[in-house]
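Consider the two complexes below, in which chain A is the common component and chain B and chain C are the respective partners.
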Partner chain A sequence: MMAVGAALAFWLATWALNVALARSRWRKARAVRIAVPVIFGLAVLVLWQGLVRGLEVSPVILPAPSDIAVTFANSTETLWEDFVQTVLKGALSGYLIGCGVAFVTAILIDRSAFLTAGLLPIGNFVAALPIVGIAPILVSWFGFDWHSKAAVVVAMVFFPVLVNVVQGLKETEAMQRDLMRTYAASYWQTMLKLRLPAAMPFVFNGLKIATTLALIGAIVAEYFGSPVKGMGFRISTGVGRLAIDLVWAEIAVAALVGTAFYGIVAMIEKFVTFWHPSQRVG
Partner chain B sequence: MKKFVLGAGLALAAGAAQAADDVTLQLKWVTQAQFAGYYVAQEKGFYEEEDLNVTIKPGGPDIAPEQVIAGGGADVIVTWMAAGLAARERGVPLVNIAQPFKSGGLQLTCLKETGISSPEDFAGKTLGVWFFGNEYPFYAWMAKLGLPTEGGEDGVEVLKQAFNVDPLLQKQADCISVMTYNEYGQVLDAGISEDELVTFNYLEQGVGMMEDGLYVMEENLSDDAFKEKMVRFVRASMKGWKYAEENPDEAAEIVVDNDETGAQTLDHQKYMMSEVAKLTAGSNGALAPADYEQTVATLLSAVSEDNPAITKEPEGMAYTLEITDEALQ
Partner chain C sequence: MHRALPVLAVLAVLTAVWYLGAWRMNTPWALAQAERAGQELSAGELFTATMNQDRPRLPAPHQVATELWKTTGDMALRGKALSKRSLIYHGAITLGSTLTGFALGVALGILGAVAITYSRVAEMSLMPWAIVSQTIPIVALAPMIVVLSNAVGIEGRGVPKAIISAYLCYFPVMVGMVKGLNSPSHQQLDLLKTYNASGAESFFKLRLPASMPYFFTSMKVAIAAALVGTIIGELPTGAISGLGARILIGDQFGTPLAIWAALFAAAILAGVLVTVIGGVQAVVLKRMGMAR
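Presenting the complex of A and B:
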């Protein structure tokens, strides 16, 4: 019970510290803005550790963060192999293919009113299919290895990106397009110089949504048949082996990768759409 | 005085009827004839006769009974001995109290056209395996055959197979895992005849492991009331099993009636019950220590990263004959 008390005391102390920091006159300083969430995260971990140890929770129900950290450090080889299989092969290739195809389709739709009427509903239909329904089908089409996982990711990211790009291409005003016409700009010149830049905030919106979808898709698809590696394989089979600490280590990797993936796309967005009001400082 | 005794007796009987002991049983898999004995005991009132109020919780692909019992969600679970021993080594001290299944239904079934006629032909082939704690016998077998499981010419390629037979039908795997009483029938139903198949039973290959035993937490066994409750539970359950063996069609109907998902069909359950009856036939519920020794020896002969079931001789009481000794008197 000592551990529980100590953890609760630590929780309250950090809470008070965070409140003080948020009210202090340095609250707008960069260091403080980073410190507050870091302290909060730390407090959660300490509370978790204290409760699990103090209440003697069985490690097959919920392992302590320290146990997970030890397992993480001891199984970096397995974690790396799973990362390569699921993230680099499954999620990333599916993301690139899915977003690329969605982008090209959006331009085709833009050129042809017929496609707008025909393709968007089909895209909508595919997006509405539950992953647990399409994953087994795609596994039987594309095999057990990462190809079927990439296919699931393609199906998942295609529609959000498509809708956002189609919407983004409608962003310019008639006045702006008329101006391009008075310059005698061709369709592609108008597209490259005016419409695509204007569409970028929407495009990146889709790309950011797709990052998390890609990771979820690749992991969950591995539940429906996989080679004996991959993050989804490890998570779905670890519980049966009571290797819960390894499952949590994989979850930690997934969380880190998901955050980093999102962060990278958000950084590219900042660079590309520097002109947009949402990115301007002050 | 006589009246008083009668009254006390009635009160006692009434009290006992009200205070039937609760037992929660966590199954290893969904409601199906694999667990017919328990459903029959429930339906036929065998549990009631023993003054028990039994709740049967079906399992599923994401439910590990070992985890459920560790979390206090069940008093007794159905699981395989390899998984039970693995849990024991990981700090969930499970004890086998009864073994209604004498033999095992786990098999590897292959298409003859792949050229496999004996285990020597596995090299270079792709094999479907169930994980989630069911992979221990497979890795023990491969270790016995000396086959690496990382693929390549001299090894075997391992696939994590979902709980269906599609990989065999679509020829994505040369062999797949089946249970005699379930998936094997599905392969036959899909139009593949028995002489197109080559089937290896794990028990016959000498790597069999006791399936579907009853396990409880060791600490509970120090409580005499709990022990006595388990004696009654095992006695009623075995009565249910023997009734199911003798009346397979009725047992199948009871199972289908108890399937809340409505996913099971009567025909399939009748097939399953007839096959399950072959596995329970040799058992009166008591575990044969020799079978336990064989499971442990097999697991210990195949300790590896892929097969982390147990790394040393199980410590303490991994099984007890006390419950069945008393129940079967």
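Presenting the complex of A and C:
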């Protein structure tokens, strides 16, 4: 019970600290804006640790964060192998192919108003469908190795990216396009200098959605057959043989990779669309 | 008609591509069968042979449609709509979990949005984590949640599936509602202040009504996400009922037709759910005088 009490006391103390920080006159400062959520996250971890230890929860149900950290440190080799198999080979290659194909398709479709009118509603509909369901079909077509995982990822990211790029290419106003015409700009000049830059906020919106979808696709596809490595494989077998701490370590890797992947795309977005109102600071 | 024509044309092209794909992908098996039987196939015979296989690599559209009809409408006509082999039964299971998860997620999202709108501490500590939570591939957690809820004594899969759905759909609702609750202008808020309106009054009479357009838009995203969450929750081994489980079982027993039928049933379900919310949105916004 001591541990539970201490954890609760820590929680209250950090919450009070956060309240004080949020009311202080430094609340607009960058350091405080980062510190507050970090402190909150830390408090959640401490509360978790205290509850698991204090209430003596079985490690088969919920291991304490410290146990997960130890497992994580002890099995870095396995985790790295799974990371390479699932993220680098499966998710990343599928992401690049899927987004690339969607981008090119969008630019081709955009030349025909008829195709755009036909594909946009369909694309919007398909983007909302549970496409992960085709994972078993693609695994049986492309085999157990990472190729089938990449194929699932391609299928999952294609429509969200396509819809966003097509939408983005419509962003320019008639005035702006007319201006380009008075400059005697060719189709590709207008495309490269006006329409693609204007489309970038939408493109990155699609690319950011696709990062999470890519990881989900690569992991789910491994539930349907995989060589004896990969994050999805490790999670589904780990649950089976009650190696729950290893499963949590994989989940931690998945969370870190997901956040980093999203963060990298968001950083590139910041660099490319620095002119957009949503990027203004303050 | 003006707007349906391009959509229909694109659909026709997609179906044609699909038939072509079915022909190409099923040819090797049809050829092997013919060779074993010692007969030569003409091009026409080969084409029909690729269209009617029992376990095709890619079933033709009409095969999927037949299978879908056989497991839904046909069974309903024979009075076995709720038999365990009918997709209506499995669809209902999936629909139940989806709606539970959706209700849970929407409630969480609204609560989070209210907390974020009214408390700066909540905004500063919760918002970054809410964003991070969406970059975590939830499926990684799916088998975990199933085991956890089993361990704490919850029978069946309804609860874990609903949790996964709720996790996926709370975020769009929360973000939409934060935007919506903050959409009244300063002038409008000031006006309520001059009326001496209390906090609760300004919430229920100004902020909440003003957030409705945002609310419905994010509900449409959320219901689709909830369905995806439920189906993912049904995919890890062990599930026996639900559309996701049909996909899993179809994979294990090597019956591609069952997988495709379940996939299309899921797609139809998603379409129906989004349409229903769209309909409610149209009616409610019209009665509130906010129709666009």
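Brief remarks follow.
We take it that the second predicted complex is superposed on the first by the 264 of 282 C-alpha atoms of A that agree within 3 Å, B and C clash if a C-alpha of one lies under 4 Å from a C-alpha of the other, contacts with A are read in each partner's own complex, and residues count from 1 in each chain.
Basically, a contact is a pair of C-beta atoms (placed from the backbone, for glycine too) under 8 Å apart; a residue touches a chain by one contact, two chains touch by 3 or more.
What you see is a predicted model, and the numbers here were worked out from it, not measured in a lab.
Once the two complexes are laid over each other on the shared chain, residue contacts for A:192 go to neither chain B nor chain C.
Touch criterion met: A:136 reaches chain B and chain C at once.
With both structures placed on the common chain, the touch criterion links A:59 to chain B but leaves chain C unconnected. Once the two complexes are laid over each other on the shared chain, residue contacts for A:108 go to neither chain B nor chain C. Contact comparison for chain A: of chain B and chain C, C touches the greater number of residues.
In the superposition on chain A, contact is made by A:233 with chain B only, not with chain C. Of the two partner chains placed by the overlay, neither chain B nor chain C lies in contact with A:42. When both complexes are overlaid on chain A, the residue A:241 reaches chain B alone and has no touch with chain C. In the superposed model, A:219 lies in contact with chain C only, and not with chain B.
In the superposed pair of complexes, A:144 makes contact with chain B only, with no contact to chain C. Taken together, the two complexes place residues 58, 60-61, 136, 139-140, 224, 236, 239-240, 244 of chain A in contact with chain B and also with chain C.
Across the interface of their complex, chain A is touched by residues 3, 6-11, 14, 57, 120-121, 124-129, 132, 134-141, 143-144, 146-148, 151-152, 221, 224, 227-228, 231-232, 235-237, 243-244, 247-248, 250-251, 256, 259-260, 262-263, 266-267, 270-271, 274 of chain C.
The part of chain B that touches chain A in the complex is made up of residues 62, 64, 66-67, 70-71, 83, 86-87, 90-92, 129, 131-135, 149, 157-162, 166-167, 170, 172, 306, 308.
By the touch criterion stated above, chain A contacts chain B in their complex at residues 58-61, 136, 139-140, 143-144, 222, 224-228, 233, 236-237, 239-244. The touching residues of chain A, when paired with chain C in their complex, are 15, 18-19, 21-23, 27, 33, 36-37, 39-41, 58, 60-62, 114-119, 121-122, 125, 128-130, 132-137, 139-141, 211-212, 215-216, 219-220, 223-224, 231-232, 235-236, 239-240, 244, 247-248, 250-251, 254-255, 258-259, 261-262.
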